[in-house]
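In what comes next, subunit A is part of two complexes: it sits with subunit B in the first one and with subunit C in the second one.
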Partner chain A sequence: MAVEVKATPTTEVETEQLLTGCEAIAEAIRLADVDVMAAYPIRPYDGVMQAAAKLIANGKMDVEYIVADGEHSQFEIVKHASAVGSRVFVGSSGVGWFYAFEAIAVTAGLRLPVVAICGNRALDDPGAFGTEHNDSLAVRDLGWLLPWAETAQESMDLALMAWRVAEDKRVSLPIAIGLDGAFLTHSQQPVKVPTKAAVDAFLPKYDLGDRLLHPDNPITIAPQVDQDWLMEIRRQNDAAMRKALTVITEAHADFKRIFGRGGDSPFLDEYMTDDAEVVFFGQGTLALPMKVAIRRLRAQGHKVGLVRLKWFRPFPTQEIVKSLTRFKAVGVIDRDYSFGSPFYGGVLYNEVRSALYSQTKRPTVVGFIAGLGGREIEQPMANEIFEKTMAAGRGDLSVGDQCHWIGVRD
Partner chain B sequence: MKMAVDTAIGHGTGTLPQIKGVKEVPYDELFVSGHRTCQGCESALVMRHMVKASGPRTIVLGSTGCMYVANTTYYTTPWVVPWMHTQLGAAGSAALGTAAGLKVLMRKGKIKDEKINVIAFCGDGGGADMGIGAISATLTHKEYNCLVLLYDNESYANTDIQLSSQTPYGAVTTFSPTGSKRRLMHTRWKKNMPGMMAAGHPESRYVAAGCAAYAVDLMNKIRRALELGGPTFVHTLDPCPKGWDYHPQYSQELGHLAVECGIWPLYEVVDGVVNLTGPTRQIAEGRKKRKHVSEYLKRQGRFAHFVDEDIEHFQAEVDKTWEEWLIPGVIPFTIPQKDTRILNIDKKKPLHAEATA
Partner chain C sequence: MTTTQAPVAPAQQNTSTDITVEVVYRGIFQKTLAQRICRGVVLAARKSGHPGTAFARYGDSPERNGVPAKQFAVVAADDTQLEASMARYEPSVVDVTVAVDDTLVKGVESWAWYGRQPIWKPTKADGFVIVTSDKSPDEVLAQTDKAERPYTLAIVPGGASFAGLWVYKDDHTDWRVLGAIAKVAPEWLPLQQVKALVREQTKDETAVASVQFGHDATVFRPVAVGEGTSGHEVLQFEKPGWTTMRPGIVVDARKPGERNPFYKKYGARTQRPVVNFDTCIKCTMCWLDCPDECFEVTPTGHYEVVYEACIGCGICAQVCPVKDCIVMVDELKFDENQDKWQLWQKDRAAYNAWFEQKSGVSAEPKSKAAAAATGGDD
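Let's look at the complex of A and B:
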């Protein structure tokens, strides 16, 4: 499939367009000069594949666009394309993500910098289209870097960051950007689309170096290592994940310098926390209703704020400790579940508590499970979260040290 | 010598001419020592012939199975060419992803534009069971040059000899032992994998069934697949001393017997034209008599529990593939006599005659 691509005009300027999260990612694919992408339909992530297909059909980009026979093949195709030196993109949602699970696991094991989106969707059964984070979170232990976007702009920005961080030789791990289904994948927002020249200044070319699979470099990749070597190789992946914190910090600083966006911290987005006594903590689009609640509660005189987590893996433990120990109580809002876990809390809740455990001065952490299956987090629910967090901050043990399901019928 | 077929199509470079005899076989070994396959392993021979035929400008992707675990142990490798592991069901996707990656990088000028052969191999479990969907999909992507090679030792031989869809009728495996109440645990007939791949993927230019016991024939099939280009498929039958339970010195002999008994027909389908090869062709043309299946079955421990009735059933099923199939040994289906005229098929003429002419 020969595609004629128009040369980038030198007069190219940054534009502002109304794009969905998926369309913003498709623009990032174009700007990053992705070589191979593999598509398979499942809502809601596949909006990005539809948008990318349109860009290809209109001659806006030259990408090998493969419609696969299932998610397992989708992820295997890009994994192997990555091994021969192609910059790649892939994605899925919900049970589709799980259908690819084997390929997802080996991609991290192979240290191949595949960039994906997970359009977060509730897992079957019973069926639900709406957002829930358990699909992305299922890979949290495997070596995938997991950022979460709040807006369409951040979706694009994280995607551009993703290729840079994933392909950095110090990291060389795959990244899956979490985009809340519907709320972000399919909601239009104004997005600043940078120029190709600016992106080129930020994003170096993909270079696998001596790990490239090519007849000029006849290496054997992923032989059977058994107990002889597996621990050493796992340890290298661990080291890469540790280094990812530095690489993300560097990339964030460069991104801010070149594009003028990205906030103060690469890992946390704090909202009205300067004088806050209690904060909400969560990731993804739940920031929007919680920010509305914060403005309303502050008008009533409550000192409340939000700390939004931008990267779940690597978990920015030090930054989280530094931030959250400033407050009396933290209400962690999980758009996920972890049945049978400590205190029957969500995944984020237990990770945050674990991060804070060794601190002498630590806030009370109270967990909330809310917005599952794409249920809207409405203001009365935000009120309940606030009241319980405040009570926990006052030392009410009937509220603290436990998890609460919010907005659920009995 | 350059085959006419090589110049007739777009993908071939003519760099892999057909081998006319054993003296023309390349001397270079690209699959060497450093592996620990069993004595008498025919699949290891397939690997050796495969890369001998394809040459050094080849990338090999290997699915999980014997030819992964027994071949590639960390710090040793028998592969002189670049090699990468892929998942059990991913041979098709590995071939596709690698071929697509090379293609786009060459188009964009990111790597040198040259012919690089892409071969992904899988066992019968990985190819005919778990990975059949991905192989099928790959065979429809005509814009990518890649070969999927299925080495068929008729069981999941690496994991303890469990039955696959390629295990022959009645054979003992660890999932189909023979016992006091049930003599035969496995009563499914072997899936017709190469026939299915050829019939179901009209844009795949090349599908073949081979056997390492016919080494030059097999190497030529690999070469023709790579020369014709696009996505192609080669299926080899590999006698396996461990899984089939016979002395390792008889691997080649059993390969010959499988073909001579008509159990494993050798053929290729080139742009939709069936071409029987080796003894299969001689049998079809009446120049050679098919041997009775007992000559093959009685040499293997996995059939030691067979009684006469089982052997006769086996023979009858093999006979059917020769006497009733639309194309003997290749494509099943029979046509009611009243329809032969409509379909322009004369039942009296050997059906393969036209194809082999």
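Let's look at the complex of A and C:
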């Protein structure tokens, strides 16, 4: 479909618009000059589909918009488009994400910089549209980069970062931005939309180099390798994931310089931690009700703060160790589950404990499962999390070293 | 086989701790045959109290028609010794190599490509290479790669058999080969125990007699270093490390019209097509129907076989409308892979003599009438 795109006015200025997380992502697709996007509807990701289609229909964006016959084809389409040199975007949610799982797994193995969002949603059955992080987290071992956004602004900013980091030759890995269903995908917030010129200064052209699949550059991608080659290929993925920490740090510094946003650390967002004795730790939109709780608790004289994780993969182990060893106790809040795991905790809980294990001075880590299926985190729940974390910080073994379900009916 | 003292004394004097037998065969068609031989080795050795394991090379699965494949039998003095041979794809050293099709001595190349390998490549020094063949040991040796270690070539009388394939009548090849293995490794497989096993399994005295026949009729030909042919191509390549490999599982492909110099398929061949260019009517059928795109168009508009790419499937000979224009010939009659059109172009008489000698059919073009009857136009 040929769309006549109006010439960008030279007087283009940064605007502030009221956008949902999904609409902010669609704006990022426009600004990044994406070549191919593949779509198949599932809530809450489909908000991006609709917003992107609208931009195309209004003549504001020119992108090859392919509606697939299912998520598996959807992710295969962008994988192949990426191999022939297209900047791509794709996304899904919940069980749709899982239906695409074969394509998702091989995309990381192929080192193709597919940029996706996973509009986080509970896995059916039973049917539920609300957020849970287990869809994104299912790919955590496969070589996908996994950042999580808190606001609509951060959704757009992470998307612009995503193409820059994923397409960097030192990384060349796919990336899936976690967007909490409803709270982020379908909630409007003011978003600063940068100019195309500023984005162009931040985001270089996609260049696969001699890996480009093209008749003039005859290559075979992914032949049968067997045990003779596979371990070396896995080791390359491992090296790329390690390198991603450096590339994210560089991109974050450039982002701050050009757009003036992004916070102090590329990996962690700390809130009221300077004098904190205990902190909450989590990712995504649960930071919002927890910040409200922190302000209320601070007013009562409690020294409490929040550390929000921005990148789950690569896991910023050193930054987390440096941050969390400052506190007496850490309450890790998981909007996910990992049935049968150590201490029956969530995924984040066990990763944080593992990162801290070799530290001589380390905080007590308490686990909380909260907000599953998109259940709202209300202030009494935040209180309970706080009290248990404080008790653990005082050395109460009946609370620490275990995981608690919050806001669940007995 | 290591040389440390076995903790358990086997039936006969035996100073080794284990024995490995590999059976090299044509994929699918000889799979059951290879399996029966390997299982026979393990089960017969069990009668002496020795544990063993039998397995197929994982990389061969799923097997391709005619493509060389391997199965193995390992027998050890005890369970502890056997562990050293467990959880492996393929033993790197074997005591006995068995080839159940004599064309396999031209080299073994699996479909999961590891490069053409001499048939004796894993055979240890002073080990045995047992080949089922109707040819003499010297004829077989003449097509075997030049030896780098001394070994003994043992010929078991018999052709390439499909014994065990459900559509094929059993011809006791498995029992004859087991008799031959009993002859080369009596310390592990005493003949009487092999016969006892076969008697138990078949309740058929003619099968037991076949074990005895295989044992008695097997001919030994000691092979010294340097004996054999140097005519077969030797391919070598390096496996790069993770720091030197291209990222993204990318390898160079061929440009249009270019053939992959590393991709040889002739290990799968038991017969090869030879072409009578004088009777060829240039109909393109062989070129069109060849599943491996082996035919190249020559400047004269003929079609010549690129033997390095040919697996000897015989489809070209089947689709050729001219009688005896493409003839399938026993692979062991050839010791090179050169394309032949240039010879024909240079010296037709010499080429036709070669064609007749190999194929056993006349190179003489048929009369116009005969050619017209087959649809040809000479």
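What we mean here is this: the second predicted complex is superposed on the first by the 410 of 410 C-alpha atoms of A that agree within 3 Å, B and C clash if a C-alpha of one lies under 4 Å from a C-alpha of the other, contacts with A are read in each partner's own complex, and residues count from 1 in each chain.
FYI, a residue touches a chain if its C-beta (ideal position, glycine included) is under 8 Å from a C-beta of that chain, and two chains touch if they have at least 3 such contacts.
Note that the coordinates shown come from a computational prediction; the quantities given were computed from them, not determined experimentally.
Colleague: On the A-aligned overlay, A:340 touches which partner chain: subunit B = first, subunit C = second, or both, or neither?
Modeller: A:340 sits against neither subunit B nor subunit C.
Colleague: Could you look at A:76 and tell me whether it touches subunit B, subunit C, both or neither (first, second, both, neither)?
Modeller: A:76: touches subunit B, not subunit C.
Colleague: Should A:219 be classified as contacting the first partner (subunit B), the second (subunit C), both, or neither?
Modeller: Both partners.
Colleague: By the touch definition at the top of the document, which applies to A:126: first (subunit B), second (subunit C), both, or neither?
Modeller: neither
Colleague: Quick check for you: in the superposed arrangement, does A:111 touch first (subunit B), second (subunit C), both or neither?
Modeller: second
Colleague: Looking at A:227, would you say it contacts subunit B, subunit C, both, or neither? Reply first, second, both or neither.
Modeller: In the superposition, A:227 touches subunit C alone.
Colleague: Just checking: does A:172 make contact with subunit B only, subunit C only, both, or neither of them? Give me first, second, both or neither.
Modeller: It touches subunit C, and subunit B stays clear.
Colleague: Going by the contact rule set out at the top, does A:236 touch subunit B (first), subunit C (second), both, or neither?
Modeller: In the superposed model, A:236 contacts subunit C only, not subunit B.
Colleague: Specify the partner with more touching residues on subunit A, choosing between subunit B and subunit C.
Modeller: Residues of subunit A touched, subunit B against subunit C: more for B.
Colleague: Share the list of subunit A residues that count as touching for subunit B in one structure and for subunit C in the other.
Modeller: In subunit A, residues 215, 218-226, 228-229 are touched by subunit B and also by subunit C.
Colleague: Flag every residue of subunit B that touches subunit A in the complex, lowest number first.
Modeller: Within the complex, subunit B contacts subunit A at residues 56-59, 61, 68-69, 72-77, 79-87, 89-90, 92-94, 96-98, 100-105, 107-108, 110-111, 116, 133-134, 136-137, 141, 143.
Colleague: Enumerate the contact residues on subunit A facing subunit C in the complex.
Modeller: Those residues of subunit A that touch subunit C are 109-112, 172, 210-211, 215, 218-229, 232-233, 235-236, 239-240.
Colleague: Subunit B touches which residues of subunit A in the complex?
Modeller: So the residues of subunit A in touch with subunit B come to 1-2, 33, 35-36, 38, 62-64, 66, 68-70, 72-73, 76-86, 88, 102-103, 106, 213-215, 217-226, 228-229.
Colleague: Inside the complex, what are the residues of subunit C that reach subunit A?
Modeller: Against subunit A, the touching part of subunit C is residues 59, 89, 112, 114, 239-242, 245-256.
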